[in-house]
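Below, subunit A partners subunit B and then partners subunit C, in two separate complexes.
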Partner chain A sequence: MNLRNTLSLKVAFFLIATFLIFFLVIPVVSVFYTAFIDTYTGKFTIVNFLDFFKNKLFIESFFNSFYVAIMSVLLASTFALPLSYFTTRFQFRGSIIIQSLGFIPLIMPPFVGAVALKLLFGTNGTVNLFLNKFMSFKIPFMEGLNGVIFAEAIHYFPFILINLVASLNNIDKSMEESAQNLGSSGLNLFRKIVLPLSMPGYVAGASLVFLKVFDDLGTPLLLDINNMLAPQAYLRISAIGIDDPMGYVMAVILILTSLAAMWIAKLALAGKDYSMLQKGGGGLAKRKLNFTEKIMAYGVIIFILLIVLAPHIGLALLSFGTIWSFSYFPDAYTLNHYKEIFETSNFIKNTFLYCSIAAFIDVFLGVLISYIVIRTSIKWREFLDYTAMAALAIPGLALGIGYLRTFYQFNLPFSNKPLASWWFIIVIALTIRRLPYALRACNAALTQISVYLEESAEVLSATRYTILKKIVVPLMLAGILAGFITSFATATVELSATIMLVSNDIDAPLSYAIYSYMQTAAGRGPGAALGVIAVVIVGIGTYFSQRIIEKKQNEKLINLN
Partner chain B sequence: MDNKLNFQTGVSIKDVDVFYGKNHVIKNISIDIKPGEFFTFLGPSGCGKTTLLRLIAGFESASKGKIIIGENDVTTLPPWKRNVGMVFQNYALWPHMTVLKNVSFGLEQKKIDKKQIFDLVKNSLELVGLEGYENRRPSQLSGGQQQRVALARTLVVKPTILLLDEPLSNLDAKLRIQMRKDILNLQRKVGITTIFVTHDQEEANVLSDRMAIINNGIVEQLGEPEYLYNNPINSFTANFLGTTNTLEGEVIKRQEKLKFISKESIEIENVNFKEGKCKILLRPQNFYINNKENKDEIIRLKGRIVEKEFLGNIIRYTVNVKEKKIFVDIVQEYNSPTHKIHEEIELSFNVTKLRFIK
Partner chain C sequence: MIKEINKLFVTLFFCSTILFSSTVNAGELVVVTSFPKDLSGAFKVAFEKKNPDITVNVIGKKTTAGIKYIQETSSNNTSDLFWASAPDAFEVLKEDGLLAKYSSAVKGIPDKVGSYPVNDPDGFYTGFAAAGYGMMWNNRYLDANNLPKPATWADMTKAIYHNHTGMSAPSRSGTTHLTVETLLQGEGFEKGWASWKFIGGNFKTITARSFGVPDGVNSGDFGVGVVIDFFGLSSIGSGFPTGFIYPKITTLVPANIGVINNAPNADNAKKFIDFLLTPEGQEILLDPKIRRLPVNPKTYSKAPADFPNPFKDESIGKAVKFDVVLSKSRYNLINAMFDVMITYRLDDLKSAVSAIHKAESKNLSSEGKKLVKEARALVAALPITENQANDPAFANIFKKKRKKAKDIEKYAGTRQAEVEAEWDSFVVDNYKKATELANKAASQ
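Take a look at the complex of A and B:
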């Protein structure tokens, strides 16, 4: 009998489990249920899926989504591979730039920069106008699916970069030296030793990119690409209504593909956790670059950096520009777009409200879940952890569809409006979507706190509540804060669940507003201005959460409360 | 198949200096290692012993000096062209390859044909007692087995010399003793010139034909283990190869006789050393307590026991003689009487056991 299984914690377990069942399990189950049930007879059927595979547009969308996801992984790899090679093999200052690139997908999701990319790389964008004038040819960077691939790869390649660099740095120097000692060098050594040992990191990063791209809704929509799976599901539900089963079929396919991608990645990584065997660490031998190599390395880095920063540069230009069409850069510059969004919109206010509530609930649940799972022996406690983490595998779009389905039937008391169209449902969706981030931070923080610290309070006969309040939470504070900021910052740019749940413009948050502004040529300026604001919010958030994580061990921070 | 080498190779380290930035880590070291010898670099951590080993393997480069293996000057050769075998401290088995793949790696680099590789690998796994483990992964092996695979992988390519970088440090105490016997047997069987790096003097004593005591980037003393233990030329060697009592003082001539007086004013008559400042070394096991035997060369000192440690086979007393603390080891026999703390005793030792150093 574990003495920490107090009644209040059991009640907390019950309440959290109910919350997760109600707002995660039931909506997802309802998506599956609707997809597999005949609308008229109410019986189990796979006819909806057969219909899906009979429809040419759907098949095309399905394959396009795969094609785009795979090509994005390949393009992202071509950005990430040389950069990871430079940082791990050579001693030079460019490494700092490369490491900073890691934050780009956190700071700016691809849909925010998509329109700006079109203005820079489109048929009549800056780059092609330039190419056409001086070399008389154009490159179709942004034509059709190319545009989606390009935008996604630019934003998500750092996931591969970070994982690959981490796994290369984990390879012990002796792995390389023992091969040299047995007569291997150069490319042979790279192919036989370094490459296979770095595979786990690459696979982890690549599968993450695949998932993100496959699920992404905003980018194809903003680039006017409808023949992909996520946009089709969205259009189906928003145009035909929530009773049409086809939207659910597509949501099911999105969920299953997510799970399959995660599972395949897991299989590929099975038994390949090499880090345990490699004591000492220290990474591969690094050498200094000579002058020509340095120039070449910086050349590659600056080239990739320019591409990677293009959406940011384009967005900034767009937010300050008057008219930008068929020209290298905007015709003139103005502050009017910023003025407009600050005068007319409540998007920013909504975003702060929604995301701070969501992030607050996230860390509150995160602390309780991690405490219940790690420190108590309450029966079924792992359910909380698994379920909360499973939210990672559920595409936002599928969750949004599930919410519509489930909560349209529930009316709010007094107003008789459906729960699904109340603004708070957006907050709950954001809470569920970002809970894994907060939970991970809390788990990490709690595992670092020795159980003796609690036991020494227990022998002084402190109550469970006092221990949590005075010992556990203060010690976890840095982790909790980092979790709060990460959840908050990434929630501000969440679009795919939100887009399903916004019922009127007054309740809309920032990300939805960027999306709807960007639909029209006249709205691009204000849309870009909102985009810049989103980037600034997330950028500041990311900066501080990194600072907090770095200072985690610092006692001062713990005393801050 | 015969594992015995056809010829044995010596190694010469000639006037080698190594700098890490401004740090002078190897200071003009020269060592000649004879063909077929088991040679040990012994020293505390950070003394430069591993750097010296890595220099021979080609993973470090000397700022000055030469490395000669057999007849060949290899100073500027990269590691993959030296044909030197090295076993790493963490064994460095590649986790993504089976035992078979690990061991055949070096042979594949030499473009030996498949059939022959298979036979050589089989033979080499037999040599280390791991036949039948071909398809295991390193993660499925115990520490000792990984060690054997590392040895097999290194020996199978018939390197000219074998370098072992603290290969026993990751094993538990019992296995360490077993493995060091196995390593020695293997070395005798194959006959390969072997250089072993360790900070453990017991390991070095058991294994080495000769060893070099290294400290702060220089060779303090070089020779056979027993000789070094009994004839240390400085207090570093003496202390590194076991506990030693060191008395600092000087030898003076009085009434035609030489006499040592330590700075704590402990006096020892009839010493056989030249006049002037010097140090006396005396091992703890050379003392007796309250021994009545009477000979000319017996020296007696009065003291008081201040500490007593039971170490199993011996009892180590710390005895205050004047202001000097002296360690005294007495073999512990069943039911033999022991002395108490604060007891006043008489220490005695034979003057021939004294070692004088400058």
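Take a look at the complex of A and C:
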């Protein structure tokens, strides 16, 4: 809609663009730039990339990252497929469990649960000790890359589940009926008609999972796997210094692969909107289960549920356990670990501080950016949207490296401290990384507000500022709140950029503290306790965020009547 | 609803500013350290109790990262102390002129521990605890797998331990670097590397961080780990079913602390060093979660019965006289050699070593024995000679900064990545050939 582009909005556009350029574009460009510079002569060269591709270890790391990402997608699909089949094809009350399965894994970031998974599924973990004792064999769940694949698949399978269910539910009933008329039914029908039609949704979910697993630093680091791209880059930068060109080459490759994956997702979803489920329009016919089918269905669901809950159970046990060594379960239990972390509580304090500032800035920017993009006709306004969303494709590690590179030279005003070691730089990194979530929430909220409301206010001679303050923002409030909570909750468990930027213990947030606690013999208990707290924060945040959105949707439905 | 949300934001903002301002303190002390929280935290709490106007700000970085950090921030230094185990790390900083002289006046600390001087003779860094290297194991794991407790480095090369041991890499851990360098100096360059290759051939894993080793042993992931003594001793102290031993070829090396040049809080830094050396500070080292060897002999009277005492027990650390200057000169080179020959090609090395073990377990003909001997030589082969390794010009390829023109001349254009790629092909071929020969010997 073309409303007047007031000066204040143009200024806002300019300021936001500067912020994004300064804190997202320039660091990323500096990463690319450094990768193409010869360390000794300072001239442009591709020799660093040639060195990378000549080195067998790096090629191996590159392929391993690909392998792990693809296998995680496959394993996650294996969990998601039967569950989506049950939910969309049959009428049965287990669907509620499936829906909650779509939420529980996402609240525990893979690196937090990784240590606990190792205790449960490792070579001498609970499951394998049991298998070995009664059946004399072991399954290498957590050996080498398998451990990373397992942890990531458990965490990310809901992405695929949700997308698959949504796209299955959007399939037109007439497709199925035509196929049945021609004699197809059951699994055949599912395989040949339903699944292909749901491919776009699946591909979108799968590419998102691929992207996130490919970029993940925390999980391989905590599982001690370093022959993958992200941990290699981190280890090189921290062992050899921020001038090592290889770290930048790897960051560039990570960024390019992520961009490619995101582009594929965008292509798959072109023209489709999955954010709103149609009620009563599409969807396949559901039939009832007979008794044996019910047993099988519940059996599969409970089996998958146990696997998916394993990190949560393991983490809880570890946080309360005393010694857990080569045994099924901890030797004894205690509350000491929780006591310890509450006594040294600066991590929780820091996390709340950083994440609330970051989330606040995110929704502030989110409202402004969506307003400018949707309601004004300022030239190049889409730049704001694309740039902010591009933050999703920039791995946290690459952003961290870019910040170190770009901001090390600058000092804070009035002090000798370099900008890169000031705690606020962590806040900025969190802001940039979580902005896409807040932006999408604000976008969704704004598109549902009729522009006529604003035009009426304008006719009554309200200024742009008054319109925003008294009409737009209040109507968007539920979306803003949901965006704030999502940004906050996901910022709590961000590790990849944080680990590059944390320069000391006092400024460290929760996620970094979990990582550093897991580095001492007596620290696994407290580290696990911190992990449990992080999971609780994210869980509560996600729950309330969902409740607010649902409440709003219900309100809308009521209003339409 | 809006009013409530507004209030929420405002309160959050206020709280944040209050929280922020409360962390800004009058007296500060910035310590860059590789020590874990258990240790730095205990000293921080005790020191702050004694000096309530000083806040200790701990910056945790692994030894190599810490060195890098201090080098990179030197033009704009914000750190006061560097506090780490490895003396060769301090030598690197000393050579770069990044340390300031300070000799504490606190009494009761002898000149030597084992055969090693406690403090830097030039006065740039001070020893506050001693540490040696050895092996730790998990009792339950050894029992379950019928393995004996190891006692020497040679034990670690035996076939029974195949896939049951672990260690970190010298590039990732200052203490592991010292362990590797100690064996190289104790057994000689070529024999030492051969030992490392056969010890490495038994590894289940090379951990990404030094703590990964005691962690793996504690959780029962693998049975025996090569560790610095306090990892073993603190695990035992924390209640894990583990044990620890010093092998004969080990050295006792002090863990050190040094004041950084142009420190913003130099006086506080000196106070901290003094505190570490007082009887009260030394006693903190006996904490079951820490368990490092104090340098004050009198502190041992407060230690538990089984606690090792290097001042009474002469066998610990006398066998090797550690040359810290040599270690410093080839620091990065040794890191690169270990990584390229062992860490990155662990699977190839393991299959070669395992094939050799298998062949040796059979009754071999004389030809078979010859093949196995060849295979062993192939595994142990090095891509460079000891002279090259000790040549400072060659070692400089592995350094970031080139200080002198002649450094650049001799190996001009050789990038670290290039040299490493050459070594990589060398070892991969050798391991493959060794595997073939050993299999051939076994099949005869």
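The working rule: the second predicted complex is superposed on the first by the 523 of 561 C-alpha atoms of A that agree within 3 Å, B and C clash if a C-alpha of one lies under 4 Å from a C-alpha of the other, contacts with A are read in each partner's own complex, and residues count from 1 in each chain.
Everything that follows uses one rule, which is that a contact is a pair of C-beta atoms (placed from the backbone, for glycine too) under 8 Å apart; a residue touches a chain by one contact, two chains touch by 3 or more.
Fair warning: this is a prediction, and the values are worked out from it, not measured in the lab.
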Review point. Is A:T123 in contact with subunit B, with subunit C, with both, or with neither (first, second, both, neither)?
Key: second
Check your understanding: If you count the residues of subunit A that each partner touches, which comes out higher, subunit B or subunit C?
Key -> C
Practice item. Using the superposition on chain A described above, determine whether A:S178 touches subunit B (first), subunit C (second), both, or neither. Key: first
Exercise for review: Considering only the touch criterion stated at the top, classify A:L7 as touching first (subunit B), second (subunit C), both, or neither.
Suggested key: neither
Check your understanding: Regarding the shared-chain residue A:L187, is it in contact with subunit B (first), subunit C (second), both, or neither?
Key -> neither
Practice item. Applying the touch criterion given at the start, work out whether A:P196 contacts subunit B, subunit C, both or neither, answering first, second, both or neither. Key: first
Exercise for review: Pick one for A:V459: touches subunit B only (first), subunit C only (second), both, or neither.
Suggested key: neither
Practice item. Considering only touches as defined above, state whether A:I96 meets subunit B (first), subunit C (second), both or neither. Key: neither
Exercise for review: For A:M135, decide between first (touching subunit B), second (touching subunit C), both and neither.
Suggested key: neither
Review point. What residues of subunit C sit close enough to touch subunit A in their complex?
Key: 1-2, 5, 9, 12-13, 16, 19-20, 23, 30, 36-38, 40-41, 55, 57-62, 64-65, 68, 71-73, 76, 78, 138, 140-141, 144, 171-172, 205, 207-209, 211-212, 214-215, 218-221, 231, 234-235, 238-242, 264, 289, 335, 344, 400, 402, 415, 417-418, 420-421, 424, 428
Revision key, fill the gap. Contacts from subunit B onto subunit A in the complex sit at residues 57-59, 78-81, 83-86, 88-90, 92-96, 105-106, 109-110, 137-139, 153-154, 157, 170
Study note, to complete from the structure: Per the touch rule, the subunit A residues reaching subunit B in their complex are 172, 174-175, 177-185, 188, 192-193, 196-197, 199, 271-272, 274, 276-280
Point to revise | Contact set on subunit A toward subunit C in their complex | key: 39-40, 47, 51-52, 54-57, 118-119, 122-124, 221, 224-227, 231, 235, 238-244, 246, 322-327, 344, 346, 349, 353, 356-357, 360, 408, 411, 416-418, 421, 473-474, 477, 481, 503-506, 516-524
